[in-house]
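Below you'll find the structure, written out as structure tokens, and then a few comments.
So that you can tell them apart, the chains are marked A, B, C and D in the order they are listed, and the count of residues begins at 1 in each.
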Amino acid sequence: MSIVLPGELVPAQHVNLKLGPGLQQVQTGQASTSRAPSSIIATRAGALHHSANGSKWWIESNSRRYVPAPQESVIGVIVQKQAEGFRVDLGSAHSANLDGLAFEGASKRNKPNLKIGSLVYARVSLAHKDMEPELECFDAQTRKAEGFGELKSGFLVRCSLRMCRNLLDPNHFLLPLLGALFPLEVAVGLNGRVWVNSKEAKHIIAISRAIEVADPDGDNMDAKAVKKLVEDLDSKMSL
Amino acid sequence: MIEFTSFRQHPDNFSVKHPEDVDMDMDMDEDEDEDFLQAGSSKITYPGEYLTSSQAFMRGHGTYVDNEDVIASVSGTVERVNKLVTVRAVRTRYNPEVGDLVVGRITEVQPRRWKVEANSRQDAVLMLSSVNLPGGVQRRKLESDELQMRTFFEEGDLLVAEVQAFFSDGTMSLHTRSLSYGKLRNGQLVAVPPILVRRLKSHFISLPCGVDLILGLNGYIWVSKHVKESDREGEEGFDAEAVYSNRNDDIDDSTRMAISRVTNLILVLASHSVPLTDAVLLDAYEWSIEQDAHIKDLLQDEIGEALVTSIISRG
Amino acid sequence: MSSRIEILNAGGYRSDGRRQYELRTISIDLSPRGSGADGSATLSHGLTQVSVCVFGPREAKMRSQTFHDRANINVEIGIAAFSSSERRKRGRGDKRVLELSHTLKATFEPVIQTSLYPRSQIDIYIQVLQQDGGLLQACVNATTLALINAGIPLYDFVCAVTGGVHSTSPLLDLTLLEENDLPNVTVAVMPRTGKVALVTMETRLHVDRFEEIFRLAGEAGKVIHGEMKRAVKERTQDLVNAMQSVGKAAGTEVVDEY
Amino acid sequence: MRPPSPSIPEKEFLFTALKQSLRLDGRQPLEQRQVELNFGPELGWVECAQGKTRVLAHVDAKMVKPPPERPFEGIISIHSEISPMASSEYESGRPSEEEVTITRMLDKVIRRSDTVDKESLCILAGQRVWHLRLTIHCLADSGNMLDCACLAGLVALKHFRRPEVEVIGEEVTVHLPTSRAPLPLSLHHTPYCFTFAFFPDTSIPPVLDPNLLEQRLSGGLISIALNAQRELCVVQKSGGVPLVPDDVLKIVDVAVNRAKELDALVESRLKEDWAGRKIEVI
């Protein structure tokens, strides 16, 4: 693993090369005539990673602006109701479309009744740079919800995209740490939004503060510091 | 209180003319409370006035409930139907109901629909599927019709229609699927406060002076040249092609004068808040002929007042 | 220049001959002005005069400005160049005018039952004709009247009064001369609940003095309410009478239920 | 494009939490965020932060000829700018409602309340006066920018020192800071601004120093500017949900106490900074 900066050449070479986020192929010289090797450059600053056999390369970095990618789970806010479905804000460049039929058990007669301002946990089903992203709230094969759908009550925390990925990492300390202190429910969207719920309001506040301070883009606290902060907060709010 | 000391110095401004105002807002005594709830009487109210308890009565239009009190939100007359208390505002925009006849103006042409301004809180919608197209009632709408919607109605056109239904957000949807509805020609529009147009048996009125009136419940009134019985739709003289025509027929001078006279009469009556019915309009027209008043003089204050006095005395 | 005039003389009279708590004459005209507005009102407090026209609720001109659950309120204020003793043209972009219209919008937003009219717009146009202190007060009172006149449902009247403190003596309903020299407060109350919809205060005043004038202005608001209420009732009664005078005669009328 | 309004769960949770007197950042309802003051290398350069809200204020002075109608008074002008960089709520071009409010409040709090002794800025009557220019840059908005901007502006005025001038006859001599110690401005008082948010549901208590979400979901704001001597300078509740008069007076009382605390903090920070500065007088 190494750190690269935008514009830097990346020594990615493979017969079946696949480029992930932050990498771009540029043509060098008289590309059309000879078999001049095209080169790969980084377009973002971050840590360069590749798969074991060197066929897949990508850059890991942190940002706050979400760019939709297919099959990613996201949390969106309904901003508009339309005849066919809903317009959903994901915090990305464009708002996404969510078909009213893309829910478990939805039919022409029985469409989900989401209000403007409702939160949905959905999966990006289509993300093309020239089109608005599309979402679905079920598994297209089984037509089962699989946990997707409207998120009721609870609270929405915004964090950096890196923090979202961290929360999905089973080895990351935060969720086990919080889970040991009180029962909680979490839905992590890869678009920098985390929905949290717990029985008591003060626990929800503690969780949201913990996510904020553990964020590498924020205070970047470690397990010990977060634990102390949560305990302090808990005792302060219990007064 | 300190304030009152100052008001005694200006007694002409406060409380003398209206002694009932003095302690009205504080302790509304029960007698009066019961009073207005008697059917038939009309009590005047204003926003923020306590009307009754919400335990005994239901709140209707023009009222709201706060802490079990029913309170007026508009100024007007209190009306009661069984347990329902409503306040009817003396002046307000048109409040549509299904089945109402309205006159409106096209403001926008949108995909498969027109937007119609009808003096309501939002522009009404006229769907392409809710109009009769030339070629008969049974004619199916084609895609080509969608493309030539402006040949039927375009921005600025006036039409008479009926309120068909409401959308979920309260916008009204109109239809013109009747022989008597559709585009308006050969006349002029007068706007009056909607409350002055009462629900009548028929809102299409023919005055003997060769003038037809359409009293829209939204306060828009269409005053036009009389259409002969034989030329009406469905009769043999009916010209099907003219339904969406933008050209006026020939109108002779006497008809033009009559249209102007009726228009001015309506304006005068409306400015004196006289509700418009066929009987009143007929009376007014006769009066103006009797008085031999010139059309433009009708709008003068003295003549207007004389007219209204005469109408009231006849009523 | 103005400081040479005594604000409150030894006899307890103010420069225009009023006593401390005396309000200026209020005159209210609710007749339609032929502008086609749904409601209008012209109101004056002494020499301060404003005219307000209300249009709506009606279709919003710009779709981007609509709300899916309530009506949008739009306030525009024009201050006539001749309205004050020094001729001065204030444009639309003037910060004071913008602040005033913003204040009025925020004051009336919770008072108008906007949720009855989703996606609609209510336009309030205010023209200031004469200024002699208490501009905000006059605008608030006139707007309340114009809204009622337009039949727009309100939770209550909003009645505003200015107050000021001359050394330790509170004064009500300030003229321009007094306003320039004294710390002044404008309070708008909703008379039914006695709650305050708006409070603004400028220039230095001790906390204890503030409390006194604040409560006093709140009380005076109720007196203004009496006047406004009377005007509204008179106008309503006139209209109702006019309609009833002929209504009974119409034989063909169908029973008219709302 | 403006960001969409907060989602329903966010709104409902904020209200339930506030009903239990819990705030999202763990504060008490009437607790302010920690005020941080950082002074720049130059005198009159202050960066003020409350939570993530940050404002930079800067004062400079130059000599000008006074306008003929006020020959004995100096001039103070306030320039404030909220650029879209502070928050995506703001757009360049036409000033937003909030921007108008902030600009007007700054004007009322700092200029109209007579904070600076203008006559002390006069050097030579009718000929030369100081023109103070206070520039306020809003760097980041995460709620309650107004209080932060007022505080930054005031502290900058307190921090600023002008060069000493000597007048002999018609001749004006400006002494360089290196030759004679520059003088602090003569201030009549120091007003601090406190903004409270209140909510449509009257069972929710008002909160001091609202953060962005609280501000967006509030039923209105009431701003009170006052000094530590219990003198109110501005009270501003421009509309919003109506309040019971006693609640307004209670809020004023809270502000009175907070003003004393804040005043102590500001004075101690200024003293600290001044102690750390080496002024060399030759």
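Quick note on the criterion: a contact is a pair of C-beta atoms (placed from the backbone, for glycine too) under 8 Å apart; a residue touches a chain by one contact, two chains touch by 3 or more.
Fair warning: this is a prediction, and the values are worked out from it, not measured in the lab.
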* Asked: Tell me, which chains sit next to both subunit B and subunit D?
  -> C
* If you tally the C-beta contacts for C-D and for B-C, which one comes out higher? -> B-C
* Asked: Computing the C-alpha centre of each chain, which chain sits at the greatest distance from subunit C?
  -> A
* Structure fact -> Chain centre (avg CA) closest to assembly CA average -> C
* Give, as an integer number of Å, the spacing between the C-alpha centres of subunit D and subunit C. => 31
* Let me have the rounded angstrom distance from the C-alpha centre of subunit A over to the C-alpha centre of subunit B, please. => 56
* Structure fact -> Averaging C-alpha coordinates per chain, one finds the centres of subunit B and subunit C separated by a number of Å equal to 29
* Rounded Å distance, subunit A centre to subunit D centre (Cα mean) -> 39
* Pull out every residue in subunit C that's touching 2 or more other chains. => 68, 190
* Structure fact -> Going by residue number, subunit A touches two or more other chains at none
* Which residues, counting only subunit B, touch subunit C once they are in their complex? -> 1-3, 5-7, 9-10, 13-15, 17-18, 21-22, 25, 42, 44, 46-50, 60-62, 64, 66, 71, 73-77, 79, 81, 86, 88-93, 95, 107, 115, 117, 121-123, 169-171, 191, 195-196, 198-201, 272-275, 277-280, 311-312, 314-315
* In the complex, go through subunit C and note every residue touching subunit D. => 95-96, 98-99, 102-111, 185, 190, 193-208, 210-211, 214-215, 218
* Structure fact -> Listed in rising order, the residues of subunit C that touch subunit B in the complex are 18-23, 25-26, 36, 38-39, 56-59, 68, 71, 113, 117-120, 148-157, 172, 190-192, 216, 219-220, 222-223, 225-227, 229-230, 232-233, 235-240, 242-254, 256-258
* Asked: Any idea which subunit D residues touch subunit C in the complex?
  -> 95, 97, 100-101, 103-104, 108, 112-114, 189, 200, 219-220, 222, 226, 230-245, 248-249, 252-253, 256
* Asked: Contact residues on subunit D for subunit A in the complex?
  -> 3-13, 16-17, 20, 22-26
